[in-house]
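Naming follows writing order (A, B, C and D), and every chain is counted from residue 1.
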Amino acid sequence: MREITFIDAIREAYEEEMRRDNSVFIVGQDVRGAIFPHTKGLVEEFGPERIVDTPIAESGMYGVAFGAAQEGMRPVCDFMFGGFSYVTFSECSVTTGQYHFLHGSQHPLPLVITAGVGTGQRLANDHAMSIHGTFAHHPGIKVAMPSTPYDAKGMFKSAIRDNNPVVIPWHMGIMMLKGEVPELGDDYVVPLGVADIKREGSDVTVLANSLQLQHALTVAEKLAGELSVEVIDPRSFVPFDMDTLLTSLEKTNRLVVVDEDWESGGFAATVSARVMEQGFDLLDAPVTRVTLPNMPVPGGYMEEYVAPNPERIEAAIRAVCA
Amino acid sequence: MREITFIDAIREAYEEEMRRDNSVFIVGQDVRGAIFPHTKGLVEEFGPERIVDTPIAESGMYGVAFGAAQEGMRPVCDFMFGGFSYVTFSECSVTTGQYHFLHGSQHPLPLVITAGVGTGQRLANDHAMSIHGTFAHHPGIKVAMPSTPYDAKGMFKSAIRDNNPVVIPWHMGIMMLKGEVPELGDDYVVPLGVADIKREGSDVTVLANSLQLQHALTVAEKLAGELSVEVIDPRSFVPFDMDTLLTSLEKTNRLVVVDEDWESGGFAATVSARVMEQGFDLLDAPVTRVTLPNMPVPGGYMEEYVAPNPERIEAAIRAVCA
Amino acid sequence: MALTSDQMVLLYRNMVRADQFNKMMYRRMMQGKLIGFYHPAEGAIAPGVGASTFLNQDDNLSPHHRGHGITHMLCKGIDIKYYLAEHTGKETGCCKGRSAFHFSFPEHKVYMMSGFIGYNFAPVVGWGFAAKRRAQGQVVMNCSGDGSYGQGRAHEAMLMSQNWQLPVIFFCENNGMSIFSTAQEMHPQENIASLADGFGMPSIIVDGQDVFAVAEASLQAIERARTGGGPTFIEAKTLRFNEHDIGTPDLSGWEERSAEEHEAMRKREPIRIATERVLGDSLLTQNEIDQIIEDALAEIEAVEQFADESPIARPPVEELMAGVFAD
Amino acid sequence: MALTSDQMVLLYRNMVRADQFNKMMYRRMMQGKLIGFYHPAEGAIAPGVGASTFLNQDDNLSPHHRGHGITHMLCKGIDIKYYLAEHTGKETGCCKGRSAFHFSFPEHKVYMMSGFIGYNFAPVVGWGFAAKRRAQGQVVMNCSGDGSYGQGRAHEAMLMSQNWQLPVIFFCENNGMSIFSTAQEMHPQENIASLADGFGMPSIIVDGQDVFAVAEASLQAIERARTGGGPTFIEAKTLRFNEHDIGTPDLSGWEERSAEEHEAMRKREPIRIATERVLGDSLLTQNEIDQIIEDALAEIEAVEQFADESPIARPPVEELMAGVFAD
């Protein structure tokens, strides 16, 4: 298979879906010129009517997506950085999540919300915060985050075809990660709601996603021989594939959840609580989380040791296996 | 001690703090006329300069509080219903939470955010959702919710005197709950960050707050003789009093967390995950949560059985004690 | 745009229906037969009727919350019985009884309600965007109150609609009140329509108590939007006879609205104004008017019967969970 | 308001300092000596200098992000070395090295930075509110770009400031660009200042390449605000010579900005315009100008030395946790 970067994989998903379905379009700020390469060059093929730049007016911009979705189109709304979605949060969380259900499950709202997220750029909190946990807290919205070029292309395609609002951020720290992706024209998708065992193991399970998945794989490789680490990528947070996780725990009986979100209220807490309820008897040790400490993400030189990193992951694995 | 209602207790806190400190003021929409009785009549004593109505412009309205706090005042920003805070969410979550810390911990931001929250009015999701879990997810903001008139008065006073942003919603379902409160002039406060054992017991611990605390107490009373239920009111979510909870678990070894927020990403998940990490060996049964299912809160006749209620709490208690 | 006699009679009929529907809602709320709250539309019937009566089926309509959108929706041919059933918590409700006071009639292009004032401003941009792309003359009628124009969302919607020349009509029903607050105190200019000037958007200020004047202004804006002429701001000056919502005191600032204010206000009762006109212009006879009222009451009786006789919505949680996501 | 010679010389000195500071930032970013990003201010030096030079210490200033607020802050007497140290990730930074590019000088009433464009609009209402209540003539200078006026937050701030007659100056630095988007494409009117008309707020449009013109307009608005005359909207028409931020391509829409555009733009270089004026008016000699430049370079050398010699900020997590909440 050919190798492409993570961000190019997203662009391929856009290209293929936009060619396939004329109702797909992208709306954002400076997406024509492309702040990030996933929209680069698209305007040349699809024109400014389908690669739509708006003023710095997140509510109006998101309104283009939201309203057009009600009108039967399939918009992708690009918030540039994840935190910017908070500027129109009542719309993109509550009003979006409740639209279908509260109005009687009669009218779907097929739209995609994306943005770059995550630490590693040293830009501090408002440019570095994760959003998957926050959106996963609000019902009626699917939430997923790919970790490899293969998954990125397949999951973005799934998200665009889904009849629901899907929040699918991408981590800036793996933007240039290369990986194998099927040939152009091979119209594969990766379904939302299905976890993926990225590395098999038998001593301990690590659930990690995105940049942190890469960290987890690095640690698993490092520990190989000493400890056999199974690394699961949830891929989706809503819906969440609990079965794959519990099946793994039947084998390993130990779990470390790595999540680049705050300890308080992040998705790792939800996973831990669910395992408590549904897999208590499987556990030989308490589920341990590696998360952002409960402080606004500092920028500068602090980011690298405040955020989850291989050292912290390794320490957590050793602790649950002790 | 005299008895007053929960909502009157909040108003007394406002009155006393505004008399004590000229820099305290309230900003909101229709707070002069008082949509809810906690601001009723205040404008007559304090005038429209301190009981401040704004247009329906939540960012500007919150900006009055935020900016005035930077200028050394002590504003209370009343969002009316909790969900309305989402309209200016980038300001009241991210920008607020990061202000002090990210700018070098040199300038405090003493402000209070309040609003009515919770189910029971049959108004559906956007008028019924809880906000404590969402705010507890965002670092730099204290989050608390009183459950009795005594706590309401004491905690609102603490919140107003705190040098940090404090989100302190109140549950509409206990607005008219009566309870004992010290005489006027007895300047007591209830510190933030300290849980309260509302009923002692030895078989199982129930952590519950606000309307759900009332439900938990009802169930505890009903089960008395059969099961001895200890009921703890966290009172604060950030900071959270883990010690009181763990001490209780040393005795009971069983925990039910009741939380009127969604299962996914709600504060109950955080509590469960922390108990997993810090109290795993204390547990004789998995921590069990009673929460809102992951759907937008329906209004109408569904609210009463979709939300946590005495039946669901009792079932959970029986399950963890089985 | 001069109205034809047929148009005027239709407007008059819709006024009577809207008025009677509002009275029914008020009565039912007082009777404890409605879930949630109700924001009565008495005194403010004409704007919604004038704005909505001449929309095409494929035009988008975002009704104002005053009167809970009923006065708007029934003029667009929506059968209100499903909304009343909803508001009564019934299985047959337009939202399956889940929503309390929300409405949704996607097939009529009335998509939604949200409890956040100003929620309409984001989606209307998307509807206008879709309409412009589709280029079939579809129009977006965006109705909301003076208070809603405090929201920054309004700015973003006006900016983008004017910039892209979208077929969106910003229809402001200015009743001078936002709960207890007066527009006079909350807005720096006398007219909310002044906001449109900031964007170079054409605006019309119209007597909102005169349904015919409102309809003329609306037809003018609809025509402009339909033919690619871009957005229009319409400010209909209207009144709120009752309290904001039933059970809330009727204050201005923090004092009771005065008897004088009420008296002056009620001189501008929109049904009476319309009746004088249709009688004066000999468009209808008193007998015909009586028949129109009777028809409206019969319609309402059937609507209420439907709502009352439908079963209460109490589906199991599992069934609800299955409705959170679309397939 | 005619400027005195002393005022003009002060403005000129600040222009030179601002220009040199911006060049230093650009150079350091290219050298990999700055953390995060830098939005260069070349071509757009005059607005910030003109707006900020005559503020009192107790006036609030919200600097524009262009030039990362340096051109504004140094005119308000802020020692930039603490900001440069911050931007270099150092312990001595104004935010203890935690913030990357944020600034905060509370004692100078420059409180904050946020990465959300339009973040300024909420707090300025509160500063204006506090200033009005305090009634000591305090003024709020609220600087941001043309793009920021897309945000609905701007509407809310203008509405409330005009309504309450707050001493807030809406100082719009219109460089015609918002990353790759032109103001011409993104705004329906030629002037952003037209927005002020919607609220009945007085506005001034000024040549933002002429620091003296900007200062005169600013002094007029400051005077009005200080004496209870309410807000003013100032639009300073300026230019962005460089790309939006270093490393981002220099596009208009999705194509390179043309050589012709650059050539035309650079004819309006603000330092040259100011220099011609001070020389022409015989306010300064070439020797004095050379000395001013030398002083600025010396100042910058000290600032860089401070930043470079300060230790990298790497406090333990526990120490950071202790700083999340104030006592």
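Criterion: contacts are C-beta pairs under 8 Å (C-beta built on N, C-alpha and C of every residue); 3 or more make two chains touch, one makes a residue touch a chain.
In this text, all values refer to a predicted model and were calculated from it rather than measured experimentally.
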Steps needed, at minimum, to go from subunit A to subunit B via contacts: 1
Clusters that remain linked by touching, subunit D excluded: one piece
Farthest from subunit D by Cα centre, which chain is it? Let me know. C
Give, as an integer number of Å, the spacing between the C-alpha centres of subunit D and subunit B. 40
State, to the nearest whole Å, the distance from the C-alpha centre of subunit A to the C-alpha centre of subunit D. 36
Give the residues of subunit D touching no fewer than two other chains, as numbers and ranges. 93, 98-99, 102, 114, 116, 150-153, 155-156, 159, 163, 186-187, 320, 323-324
Please set out, as single numbers or ranges, the residues of subunit A touching at least two other chains. 54-55, 57, 59-60, 83-84, 86-87, 90, 94-95, 98, 101-102, 124-126, 139-140, 294-296, 298
Name the graph shape formed by the protein chains and their touching pairs; answer line, ring, star, complete or other. complete
Please output the residues of subunit A touching subunit C within their complex, sorted ascending. 49, 52, 54-55, 57, 59-73, 75, 88, 90-91, 94-95, 98-110, 139-140, 142, 163-164
Listed in rising order, subunit D residues that touch subunit B in their complex are 60, 93-96, 98-99, 102-104, 106, 111-114, 116, 119, 121-131, 133-134, 152-153, 155-157, 159-160, 163, 320, 323-327
Going by the contact rule set out above, which residues of subunit C touch subunit B in the complex? 35-37, 89, 93, 97-102, 114-118, 147-148, 150-152, 178-181, 185-187, 248-249, 251, 253-254, 312-315, 317, 320-321, 323-324
Seen from subunit C, its contact residues with subunit D in the complex are 150-156, 159, 162-163, 186-189, 194-201
List the residues on subunit B that touch subunit A in their complex, please. 83-84, 86-87, 89-90, 93-95, 97-98, 101-102, 124-126, 129, 133-134, 136-140, 238, 262-270, 272-277, 280, 283, 285-289, 294-296, 298
